[in-house]
Amino acid sequence: MSAVVRLNRRQLILSAVAITAYVCTGWTAVAARAEEPNRIVVIGGSLTEIVYALGEEDRLIARDSTSLFPDAARELPDVGYIRQLSPEGVLSVNPDMILALEGFGPPEAASVISQAGIPVIVIPDGYDSNSIIEKTRATGKALGREQAGEALAEKVGADLMAAETAAAGIADKRKVLFLLSIEGGRLLAAGSETHAAGIVALAGGVNAMTGFSGYKEVSNEAVIEAAPDVILRMRSGRDPSSDAEVLAHPAIAATPAGKAGRVVGMDGLFILGYGPRTAQAARELGQFLYSDVAAPGN
Amino acid sequence: MTVEAENLTVRYGQHTILHDIAFEARAGCISVIAGPNGSGKTTLLKALCGDLPHSGTIRLNGHDIAKLKPHQMAARRGVLAQETTLSFPFTVAEVVRIGVSAKSDPPVSRTWSDRLVTQALAAVDLAGFAGRFYQELSGGERQRVQLARVLCQIWEPVDDGGPCWLFLDEPVSSLDIRHQIGVMELAADYARRGGGVIAVMHDLNLTAMFADQVTLLSSGKVVTSGAPETVMSDAALSETFGCRLRVGVQPSNGLFVLPHSIMDHAAPT
Amino acid sequence: MPLQGDRSVRARFALAGLTVLLVLTMGFALQVGASDVPTLRVLMTWAGLDDGQGLKPVDMIVIMSIRLPRVIMGAMIGAALAVSGAVMQGLFRNPLADPGIVGVSAGASLGAVAIIVLGGTVLAPYSQFAGVNALPFAAFLGGLASTYILYSIATRQRRTSVATMLLAGIALGAFALALTGLLIFVADDLQLRQISFWSLGSLAGATWEKVVSIMPIILPALFVSAYLARGLNALAFGEAAAVHMGVSVQFVKNVAIFAIAAATGASVAVSGGIGFVGIIVPHALRLLIGPDHRYLLPAAGLLGAIFLLLADCISRTIVPPAELPIGIVTAAIGAPFFLWILLRRRGIIDL
């Protein structure tokens, strides 16, 4: 038993050294195209979108279960949920690089994959538009396509900038309540520091729920007090309820959004994915928010 | 050697169940505790078993039971409760074998242990029942399986440590008359071989027949105690049970079933 | 002639058979998986019997760092869950008792979540002290603490009432869940992510570090429970009858509760909640070899290990390269099997 553990520790140290060496040389050896990784497992829906936008999809061999766009990505083998990866499953597709969004796990899986000498490139995530540009840039760099990554980042950045400018030009901002779920009549809403709050701001609205971070259950009174003008929800999320059901909820019905029947459902990955399509998602949401007034900003 | 209680008082919360009881049972005898419902018979037996917190002193073969450990008590006395439910599907043989393993000197060899189980089952007229499931038996059969288990625990009525004791709480209440007599004869045999038997009884006829000593309880107090022929008088029984009773008188319609008939004839088969 | 109704000979054969089966199952579990790896050669290489020519480093990793710790951890957890179930059923005299219902699992969850949410602030000294084992050990402490609180509530005048214990267990479990919910509510995004890693956790997170951290908790608990057999047999007749048979009931209870808390707490800490093993395995064995705890407890350990290893084999090969959570597999096998037992032998286990 102890012999096994000792062996294991030694392996761990050796592989840690190996990874460090690999990562160090990785940045300088970009030019060596012949040795660049071309059996990549991508973990995270937005990263998959970026890889496809860069035209590098031929180098992918597997994806996680959140990578659902574009449709072609669904054809790749699925190694499981981003937070619940099986190390053996990931190793079994024989990858030479793991491209993973910050927050993948469990940590044990990541460490075992690293032990096997396979580089794990972690791409940072965030809640503002700048994080999307950084994500694009980092993905391009990890794939050895820094120029293409930079070009895409600039294009995405310009797109986002336009959306931000348009949002800044709106004087009378609509209040948006993002509902993750209304299962059992309990309202699970987005607070600050969420992708939902980010996309609402980018679309020129304001998040109706303030004072807490993350996704939390909120009371009926708080929802009425917040008086949202629009309810935003995911169309193909885990919550099977329809828009009519949402409007029938007593607290929602008492809000301006409920009285005007203003509920919008959008694809979850589209609005919360924070990838190349985010600016477009913000535009579409903005159009709905201000569809009753003259086109906002432009 | 005796089981004796001095100044025994037992309380449940505010209620005093037993008031300052003096009790003595001798080895080699069947001592019966009788009395109406709620008189404290079972409470007295439980106190003698060491189950209940009490004031006063209880001695088992001269040792204060407050100072005895459960395994020391178990080596001296076996207890048959009014009813025993089992939570798992044991077979009859397994139930009785658990009694064997509770012996102070459990047999080392399996053959010896098997023989003890077989003998105990035969003693309670359940030979051939070893393979049956306990849960499938009738109430009376279950009661006799439990008696066989208790017997195995204190198989020898007398050993190096002195006499052993059978504590029986209404041992015949769920049995047919043949097995009532069978169980009482088994107890009498245990006493004849030097062991002690203390039994709570409702059946006054069987008591009169088998008891060497009777203690009548009423409202937690001893009414009288002694040999059955002195204790079981019209006056004492009427006072104890609160209704008019007469000893040894033929009913007016002339019809009664008398277990005593076996005393005049050969043993039943 | 053997005594009728005595299943001890059958039980001994069953123990021998289960031991062989466990060894075979462990070999099988090492052999199957999403990757195609020459398991035998890797093991021979490790033992120095093969030169290892032609083996890829990743093969070594898959066997030595992924499958082997997983198989050992799975066997220990399966044994711990099944034995703690059997001990608890014996203690509560109820074949449907389960460590989950007296709040051991809920307490363990609370401990784990507390260390995730408060580990950086209020509990910082503890997490620095415990290091990488902070979470498993906190879960174990949570399970133990909840069992002892429960125990002191249910014990009056040195006697433990099983009915009070069951009811108080349900109440305490609900209370622990409420506290866990509160902690989840105040958790920030990063902590929520860690909580989800932990609660989704299955045997997939098995590492040598985890094996080493739970072994000193689970193995003594299993070892000690073997000494409870005679006391639990006597307890089947009720507490009073057990005392009459010379069993120190209070001592048996103390040891049993500690063993249950240790085994369950440690299992929950590293594997999240895995249901049904603690009920199914002892049940099946009672039908096969009878309820005598002298054989039931070791057999439950062996069969629990086998059952969990096989369930894990299914969970990691059914949707490759992804994995199905093992709790789904044990419930999917366990629940129908449990119903089948209930229907088939209703009379026997009826209380």
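Per-chain residue numbering starts at 1, and chain names A, B and C are given in the order in which the chains are listed.
Everything that follows uses one rule, which is that a contact is a pair of C-beta atoms (placed from the backbone, for glycine too) under 8 Å apart; a residue touches a chain by one contact, two chains touch by 3 or more.
Since we're looking at a predicted model, the values are computed, not measured.
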Exercise. Chains still linked by touching once chain C is gone?
Worked result: A | B
Problem set entry | Farthest chain relative to chain C (centres taken as mean CA coordinates) | B
For this session: Specify the chain with the shortest distance from its C-alpha centroid to the centroid of every protein C-alpha atom present.
Result: C
Exercise. Just curious, how far off is chain C from chain A if you go by their C-alpha centres, in Å?
Worked result: 37
For this session: Would you kindly tell me how far, in whole Å, the mean C-alpha position of chain C lies from that of chain B?
Result: 44
Exercise. Per the centroid of Cα atoms for each chain, what is the distance between chain A and chain B, given in Å?
Worked result: 77
Seminar exercise, completed: Note: chain C residues in touch with at least two other chains are none
Exercise. Of all residues in chain B, which touch chain C in the complex?
Worked result: 46, 49-51, 53, 69-75, 77-79, 81, 84-94, 97-99, 101-102, 104, 114, 117-118, 128, 130-133, 135-136, 153
Seminar exercise, completed: Within their complex, chain A touches chain C through residues 4-5, 7-8, 11, 62, 65, 77-81, 83-94, 103, 105-109, 111-112, 115-118, 193, 213-214, 216
Exercise. Which residues of chain C touch chain A in their complex?
Worked result: 33-36, 46, 57-58, 60-62, 64-68, 185, 187-189, 192-193, 196-197, 200-202, 204-208, 210, 212, 316, 319-323, 325
Problem set entry | chain C residues within the chain B interface of the complex | 2-7, 93-95, 157, 230, 233-234, 236-238, 240-241, 243-249, 286-287, 290-292, 345, 347-351
